[in-house]
Amino acid sequence: MRWILATIGCAILTAAAVYAGAVWAPASQEGGNAYRMLYAHIPLAAHTLLAFTVATAAGAVYLARRNDAADRLARAAMACGVLLGAAMMLSGMIWARLAWNQWWDFRSQKLLFALLLWFLMVGYFLVRAGRPGDARQKTIAAVYCLIAYLDVPLVYFSSRLVAGDAHPASVALDHWQMRVALAAAFLAATAVHGLMLAALLRRQRHGVL
Amino acid sequence: METVLDIRGVCRRFGDRAAVTDATLALAAGRSLCLVGRNGAGKSTLLALAAGVLTPDSGAVLVCGRPVAHDPEARRPLGYMTDTPQVYEALTGRENLTFFGRLCGASDLAARVAAMLDQVGLSARADEPAGDYSAGMRRRLDLARVCLGRPRLLLLDEPAVSLDGDGRDALARIVAEVRREGGGVLLTAHQADDAAGLADQCLTIEAGRLADDAVATSDDPARRSGGHA
Amino acid sequence: MRAFWAIVAKDLLTELRLRQVLPTMLVLALVLTTVFGLAAQDEVRRSPQTAASALWLAFVFAGLLAVERAFASERESRTMPALMAAPLSRQTLLAAKCVSSGAMLLAVQAVMLPIALGVFDFAVRGPVLPLAGVLLAGDAALVVLGTLTGAMVAPSRVRGPLLSVLVLALLVPMMIFAAQTTAELAAAGWTPRAASLLAAMAAADVVFAAAAYLLCPWAVES
């Protein structure tokens, strides 16, 4: 029952956030209507990084304490990160299509950052493939996670290096409705992230994933 | 009497399988103990834990009083031989021993290497690539390797495998010399007969647990426990 | 220190005797340089960016061969337990393996660099020392990340492909920096931009080395 209520709650929040971003917030002076993908992209990017951070912290706890619960949290958080990261890339691609009429452009810093980050996170599951439950596999997954996390600042700066000034990164949110729409989007993303994480942890406890 | 090896409540799992459970064992200086058990009983795992090659999930291993898991210097007094010979095939027998001698900081290395080659009967072929050695010769080279640093603790996993009569004699001489100089020897075998002349006590290990049935052949049995907590 | 140099000397002596890794690295780097040169000859000649990227890609793939062999060779000769039981720290072992792999990579680069510069019609302006600095900084990231990852995946059945994928994912940002710095040196010489890029690479190397030092005991197992 709780799951159904939580899912309905998330759906309502998401619908409200989509309405706020797609319809209610006014068009931007610089970005026209294409900028509206920002309401999806920015919260998704923030939560992808948050998921990565949680997975890394849990991995560090596993290395220090050999705590299996920490390992399960790391795996669930990273799975959320991969899913959110894919959604982040998709939103970035839609933005690129709407703004510059192309699905992909290596000169887009946000797309390149999303892609490189996503590769790092997918790598975690390649490391984890094989015998599940093996302590060695959990250890090296945690080590990989820590190393990959250290790479994130490099990923950010290198994507800026490559991107140059082809596509400006920021859009000014000068209207109060824009800021409210972004806040609603963050709230919805947080709810969805929380629900996904809880569902994945539950599936792990039942031996799935 | 000084305890050369002290294993205290050591446990180690591989995935869902408990390889070693609550192993407690103390080996006094001058003693030689043989772990006897079937394939998969946990003999090799326990030896690897004693050598600091594997880290226990719980418990502690002390060699000459120092914890071996995280302290490299604690591994200096030990010599560890696995059931497969550890040689670099591209290097000659002499080069193999020189390399491992440098790792363990053996003094007067060239002379020590020559002496060990002589002791195991490999002097004549010392300058041939180890890849050309037979299985028995590689085993002898491995035996020479573990003794380079004048170890105080020898950990030998099925040492007699592949050795001929001369090889077994060399092994027995080495074990006796280590014991005479106040060291200890822990070896493994499938059955007690394989340890004849090498160990003065045998201890059974079964499904990762040390049994409570040490067969002592002298008045001073090593302290051990096992079974259920 | 004695143990460290003993391992490096052993690895290099073994490679000199067997000649398995170095020739393969060199041929791979040559083949990749040829492929890039054929695929984008005008672009490569016109753009220092493209030439520098192609060069670093060739170096990375060659380097992957060296780092993959670092611990895999010990597993194949069953000598990992002897190394782990020896009185040396895991960090010393990892550092020695990094230096062995790095030495092989530098040897390949010493041969490849003049060839690639000729094929891509690529001239480096200004002092040569900064170019050496970029090579060292890029190589350091490659060998540290590659050797650490190689130690982690060495027991795996699919260690070769897995190592390549993981190391490439980790290295792409660093290689972007390396290519950008090399291109800057080619286009404009030793500029403040080149200096700050090189400093960023060096800082990243320090961070990765520190992380490898700390994580090594968990990564290296027999």
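A, B and C are the chain letters, set down in written order, and residue numbers restart from 1 in every chain.
Definition applied: contacts are C-beta pairs under 8 Å (C-beta built on N, C-alpha and C of every residue); 3 or more make two chains touch, one makes a residue touch a chain.
Values in this document were obtained by computation on a predicted structure and should not be read as measured data.
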item	value
Chain at maximum distance from subunit B, centres defined as averaged CA atoms	A
Centre-most chain, if every chain is reduced to its averaged C-alpha atoms	C
Whole-Å gap between the CA centroids of subunit A and subunit B	52
Chain centre separation (subunit A, subunit C; CA means) in Å	31
Whole-Å separation of chain centres (CA-atom averages), subunit B against subunit C	38
Of all residues in subunit C, the ones touching two or more other chains	221
Subunit A: positions in contact with at least two other chains	136
Multi-partner residues of subunit B (at least 2 other chains)	none
Partner subunit C, residues of subunit B touching it in the complex	48, 51-54, 70, 72-76, 78, 80, 82, 84-91, 95, 99-100, 102-105, 145, 155
Touch list for subunit A against partner subunit B, complex	66, 131, 133-136
Interfacial residue positions of subunit B with respect to subunit A in the complex	13-16, 57
Residue numbers on subunit C that touch subunit A, as the complex places them	145, 148-149, 152-153, 155-156, 162, 165-166, 169-170, 172-174, 176-177, 180, 197, 200, 204, 207-208, 211-212, 215, 218-219, 221
For the subunit C and subunit B complex, residues of the former touching the latter	2-3, 6-7, 10, 13-14, 17-18, 77-79, 81-89, 92, 217, 221-222
